[in-house]
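I'd like to ask you about the structure that follows.
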Amino acid sequence: MSSLLAIDWGVIAILLPLAGGTACVLWPALSKPAGLISVTGVVLAIAGLGWRIMENGIYRHAVGGWGAPLGIDLFADGLSLIMLIMTALVGLGISFYARRYFSPRDAVRFWPIWLFLLAALNALFLSADIFNLYVTLEMTGLAAVALTALTGRIDALGGAMRYLLATLLGSLAYLLGVALLYHDAGSVDIATLAQRIQPNAAVWTALGLMSAGLALKTALFPLSFWLPPAHASAPAPVSALLSALVVKASFYILLRLWLELFGDFAQGASMLLGLLGAAAILWGSLQALRQTRIKLLVAYSTVAQIGYLFLIYPLASAGNGIAAGMAAYLAFSHALAKSAMFLAAGNLMLFGGHDRIADLDRAVQRLPLTVAAFALAGVSIMGLPPSSGFVGKWLLLDAAMSQGRWDLAVVMIIGGLLAAGYIFKVLGYAFTQAEVPHDARAVPAGMEWAALLLAIGAILLGFMASEIFALIAVDLVVNADEAGTVWTA
Amino acid sequence: MLQWAFDTMLGFGLLWLAWRALNSSDLFKAIVLFIAFGLLMALAWVRLNAPDVALAEAAIGAGLTGALLLAALARLGAMTDQNVSGASAYPVPSAQPPAGSHFSRGLLILLLSASVAGMAYAIWSLPSYATGLSMDVAAHLDDSGVGNPVTAVLLNFRGYDTMLEMMVLLLAVLGVWSLGGLQQQPEKPVAAVLETLSRFLTPVFILAAAYLLWVGADAPGGAFQAGSVLGAAGVLLLLSGWRPRVRLMQWPLRLALTAGAGAFILLGLLTLLLEKQFLTYPVAQAGRMILLLESLATVSIAVTLAILFLSVSSGHKEKSGKGEKK
Amino acid sequence: MTAADYVTACLFILGGIFFFAGTAGLLRFPDVYTRLHALTKADNVGLGLIVAGLALQAESWLAAGKLLLIWLLVLFAGACVAHLVARRALRKGTRIWTE
Amino acid sequence: MDGMSGNAWLPLMVVASALLPGLIIFGLPEEKVRLRTVLNLSGAFAKIFFTGWMLWGVYHGNSYEMRMAFLPGLDLVLRADSLSLLFIALSSVLWLLTTVYAIGYLENSPHRSRFFGFFSLCVTSTSGVAMSGNLITFLLFYELLTLVTYPLVVHRGTEAARRAGQIYLTYTISGGALLLLGVVWLYAITGTLEFSPQGILYHLDTTYHPALIAIFVLLIAGLGVKAALVPLHGWLPEAMVAPAPVSALLHAVAVVKAGAFGIVRVVYDIYGIDFAAELGVTGPLAMLAAVTILYGSLRALAQDNLKRRLAFSTVSQVSYITLGVAIVGPLATIGGVVHLVHQGLMKITLFFCAGNLAETLGIHKVREMNGVGRRMPWTMAAFTLGAFGMIGVPPVAGFISKWYLGLGALEAGEPWVIPVLIGSSLLNAAYFLPILHRAWFRDPPDSWPVMRDTARDFGDKETAWALLLPPVITALLALFAGLLASTWFSPLEWVQLIAQRAFYH
Amino acid sequence: MTNAFLYALAGSGLFVLGLHALVMHAHVLRKILAINVMGSGVFLILVALARRSGETTTDPVPHAMVITGIVVAVSATALALALMLKLAEKSGQAVLPDKHGD
């Protein structure tokens, strides 16, 4: 067993999908099996990595044997691990959905790009080097854009174009920040930087540039203009990937930078992020409420839910460990719920040939598993118990209340109400007979179950808050000075 | 003093050209100005003692990007010609009136001025002497297997970045392929002079690429530069009407395309197995391994760039040979 | 300063004049064809003079050879490109300037 | 799952006895009628069995508690104490009867698997509400109840049902949000949410009192939505579009009682009745309850639609519970809490009967009820018992509640309650007696209203057995709860036990 | 003192010029040009400041980073151009459509 423990599962988690993607390019006919094998392998590798981290604490691997700051280190603590688990599980669910979703012609296009995206995400969550993060960020962005445009329909092309420009702009701003940090402190390794940087003009400018760039890529209001058209026009599994995982990538980098580098001196800036998050909740929810199509509704819901993630910044003063735990938990919860929602929306589109909400026509009877998936995911998005969304919201509310942040608490409550409004709008019509009956196409059972299982995951995660916080605590034990603030449940 | 004057002029020249390129009324002119801007950038790299970057910039930044832009513009002109109206080819909906009211434009200018001032201040406040990682690089150069520090960083110290870089290139091709081909366009007859030119230049390009690759170990040059020169040869051939046979090219093409990425992956696995350390070369073998990696990467880069050019310039997607089953 | 240096300086000045004239022509001449004339003149002769000047300063014959090679390549490419541009202009129906 | 030792599994079994059949039923195809019926009934019987077991145990001083880690610092707790068992016992008995009734009512109608699935989940959440050992567990099941009743409200799939569902949700979700805000605030102050006999707040410094009053308002507002306190009652009459068994369940057991039960818990086990009185929050609550009692009765008077009249009657009657809770004193407490059971028995009878009239004869309006007593004597006999109970005619159960409420008010020195009780009783009589008069003393029409499209022909039979038995049984239960109030197994006896524990600890 | 700061300042100027054009122009090709100019600006800053280590020994790490960056830029440009062409083929013009393409 210990030999299994010695394997560098982190490297495997990056290499495996890369190899799979390359194999897809070489043998297009084998795309689907190669894809499924790689994704399953990644899940196993992440499980191995998780085991290793539980046993040995923080994972660090010096690529090339040089070690930071000269070389690049792979690095995983509890926070990274949770993001990796999120990616692996949600990716697995979406992959099994995509297995039936794409025609053979599209499958050849989808799988290699998705595998490269998966590799990029894994590499990103395993990175501890701000320039390496830039490369993985770009790789993520290009893959995401390529997937968005997959249908070749005009709205998808427009959405992808807007998305590409936004993501490139975001990356450039981030890279400029990297340049300033490097020239200020002489390293791109996060741990080294953390020891060296002082709040001076260059660091502040880097902070502004990187935050703005990453906020743009995460679609923080008002930089969210690109998200709804892209996420709504992409094929359903791709929308799920984008909303569940891709926006989390840039969010994770921002969080990491904040936790390790900027958090100590950037209180004012964190207030600004929190304010924008609150605005995002209100604006995104109101927009979602106005939509007449499911996918746009779900896309705007993502804009709103991203807002919740940013509320962590002003509330983070309670201690980094708690902030990281809350952020990881919220991100995970949203990833499960939102992917389930997009997949369910895809089923409904396939089923009725459209995604007009008012014409759902008793979908609840004719497509029960799908509507159940949508509803369960919706429960989590609304933040109603028993679900991970509820737990996440509870943690945030509790933090807000203990710090006297009434404004944020009220925004969260209102956001939950608005979310209930837009989700039950869909469900209400799903129960109702439409005036004109519609023809329907069969939906493969595998696709229904993929959506449902992800949604059930979003519910079950609600009972695993203690485990998530225990994982976060893994690295805090090593950073002993913060161990005192860890919650032990 | 003379140097200062030159650098100042070059700096302002860059800014001026960029401004002109971005705001000229005619798109063709804009692209030509942009290419000129790229060449000036190459000069700036030389002034900054960065010959490797200068080579890459001249070949990729100015050369291939320029070719891509021009090809796309030509396609765009032809397309809007066919699809919309009988407007002339080049001035495609020229310089659309910039969006936004006077107020918002004023606000934007104000914001941008503020941000440039802030950035300038931040840059200015940096210490005037800093070595960065150059000491570390110099200390380990002997163990890296190559003598050119830039190559050492690219292929050894930060080889992992370069590995992901190869994936980005592959991803670009996949992305362009996944869009599907454009509508076929009738092939135009190619000028005899161009054909001769390409026939004459191709061997020279190949030779130059091989030289850059070889010399990259110890002097400016390397896989990216060599690959882009080779890619340029491909572009030239494509321009002069050369089209590889679809059936024959399927496999070799895909192999060439993935050679660099595949080499990195295999080497990564191998080092992980043998050395228990990802992408760690044994010091004695490092030079050879890097050369091998670079050679395969050069092929991949060249093919990638040529395919990208082809995809943008013409409707042919058969060449790329998407493995579709009818 | 050796004699070679003086020769180099002269060659540079001459080359510079050609480049200047070529650039002036490019900017001032009335149509594509005449501008091409100015441009290629500068490329061919101006660059040739500069290369010659540099070659005198070269450390080895090999370096001088490389410089010569560059000049030849530019000559060749310049000629071809000038031809292609002129051909394209003709095909497009750009009229030749006459007084 | 820590704390699973000893008697931990019984509360879990009570919850599971409704949950598991429900989940299995979701997966059943429509035509598996027999299997579904077996599952439903065995679940209901199992629940009664486990409840009886726990009743026996609690009576003899045992305690049942299941604890499970949930949030950092907060557990999910299911605990059976005397109060929760009262509610559980009520819900298990009524679940069994309603299930029988629903099987008869929905015979041959579509989507039954879905219906019974959500029905079971509804009972699951009610059991959870009843057995919650702290406020977070209560919140969890309380919100779950909202979610699983929604599909029942919109079950018919018509545009009207969708609208009604929207109104239902607007009220309940907003209420849930207020409740959540209150609970979080409370937690931020106290750091615990456990229910405990003297409350958890009495030791707090007086500087917290304004905040605690605000929290009380939030909590009552959140709970008051489901308990249909004026002005938060608007959803209840609208939810009448649901099928009759749903209305019966919503109004007699699950939803409104969850709200009322929550108010009892907050006043007794979070604030503590003495501390609540000290804060001065009980007086306004009692006033609010009194207003609701009168307002609901007045509105009921004006309704012609039978179910809507019953709905407004519910608005009025449920507030007796709140009233009893808000009057500080053991006797009033007894009156209020015992009404939890009494009102449930009586109101479900009335709704069953209304459903029978609609299902058998197509009668939906009061003015269509002329002479219906002759056509359906048993049904109307049950209805009459229920109505008498509502009015407070001895010896039906409703009288007991009102009697204790009145005594309690006098004991607590709040004599203004007496006129409210009398006025309400008069109003009750004013809207029930005309119905009874029509049913028994007017001549039946030549033909009954056209029946629903799924209508069944019962011939000379009064109606189906499955439809007739439940109301008759519940009516008898309501009667006996009053008649035998002084025996050891009556609800009143049990409630006296509860009041004893709340006041004489 | 070297020319490092001069070029770095020019780089920040390029970044902002590009940003301005990116926001102001509707035509996608111009936006792509703008992104490229911005990229050049960032690269210039990255390499220019590496000159601070002296005339003879420059820091090679930023050089390697910029070469990496140039390759990313050309990849992104190619993808963007292909997208633009496809969009123009479908919609007849190379400007971004209004928010929701329906």
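Read from first to last, the chains carry the letters A, B, C, D and E; within each, the first residue is number 1.
One rule holds for everything that comes next: a contact is a pair of C-beta atoms (placed from the backbone, for glycine too) under 8 Å apart; a residue touches a chain by one contact, two chains touch by 3 or more.
Computed from a prediction, not measured in an experiment: that's the story for all the values here.
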What's the overlap between the neighbours of chain C and those of chain E? B
Just to be sure I understand: going only through chains that touch, what's the smallest number of steps from chain C to chain D? 3
Ranked by contact pairs, first place goes to B-E
What chain lies closest to the overall centre, CA atoms only? A
What is the chain whose Cα centroid lies farthest from the Cα centroid of chain D? C
Go ahead and note the Å separation of the Cα centroids belonging to chain B and chain E. 12
With centres defined as the mean C-alpha position, give me the chain B-chain C separation in Å. 27
If you average the Cα atoms of chain A and of chain C to get two centres, how far apart are those centres in Å? 57
Averaged-CA centre spacing for the pair chain D and chain B, given as whole angstrom: 72
Quick check: what residues of chain B touch more than one other chain, meaning two or more? 119, 123, 126, 130-133, 137, 157-158, 161, 165, 168, 171-172, 175, 179-180
For chain D, residues that touch 2 or more chains besides their own: none
Could you pull out the residues of chain E that touch at least 2 other chains? 15, 19, 45, 49-50, 52, 61-62, 65, 68, 72, 75-76, 79, 83-84, 86
Would you mind giving me the full set of chain pairs in touch? A-B, A-D, A-E, B-C, B-E
In the complex with chain E, residue positions of chain A that touch it: 131, 135, 138, 142, 145-146, 149, 152-162, 164-165, 168-169, 172, 175-176, 179-180, 182-183, 188, 225, 228-229, 232-233, 296
Mind pulling up the chain E residues that touch chain A in the complex? 15, 19, 22, 28, 31, 35, 38-39, 41-42, 45-46, 49-50, 52, 61-62, 65, 68-69, 72, 75-76, 79-80, 83-84, 86-87, 90-91, 96-97, 99-102
Using the touch definition from the top, list the residues of chain B that touch chain C in their complex. 191, 193-194, 196-197, 200-201, 204
Interfacial residue positions of chain D with respect to chain A in the complex: 26, 69-73, 110-111, 114, 139-140, 143-144, 146-147, 150-151, 154-155, 157-159, 161-162, 165-166, 169, 173-174, 176-177, 180-181, 184-185, 187-188
Within their complex, chain C touches chain B through residues 73, 76-77, 80, 83-84, 87
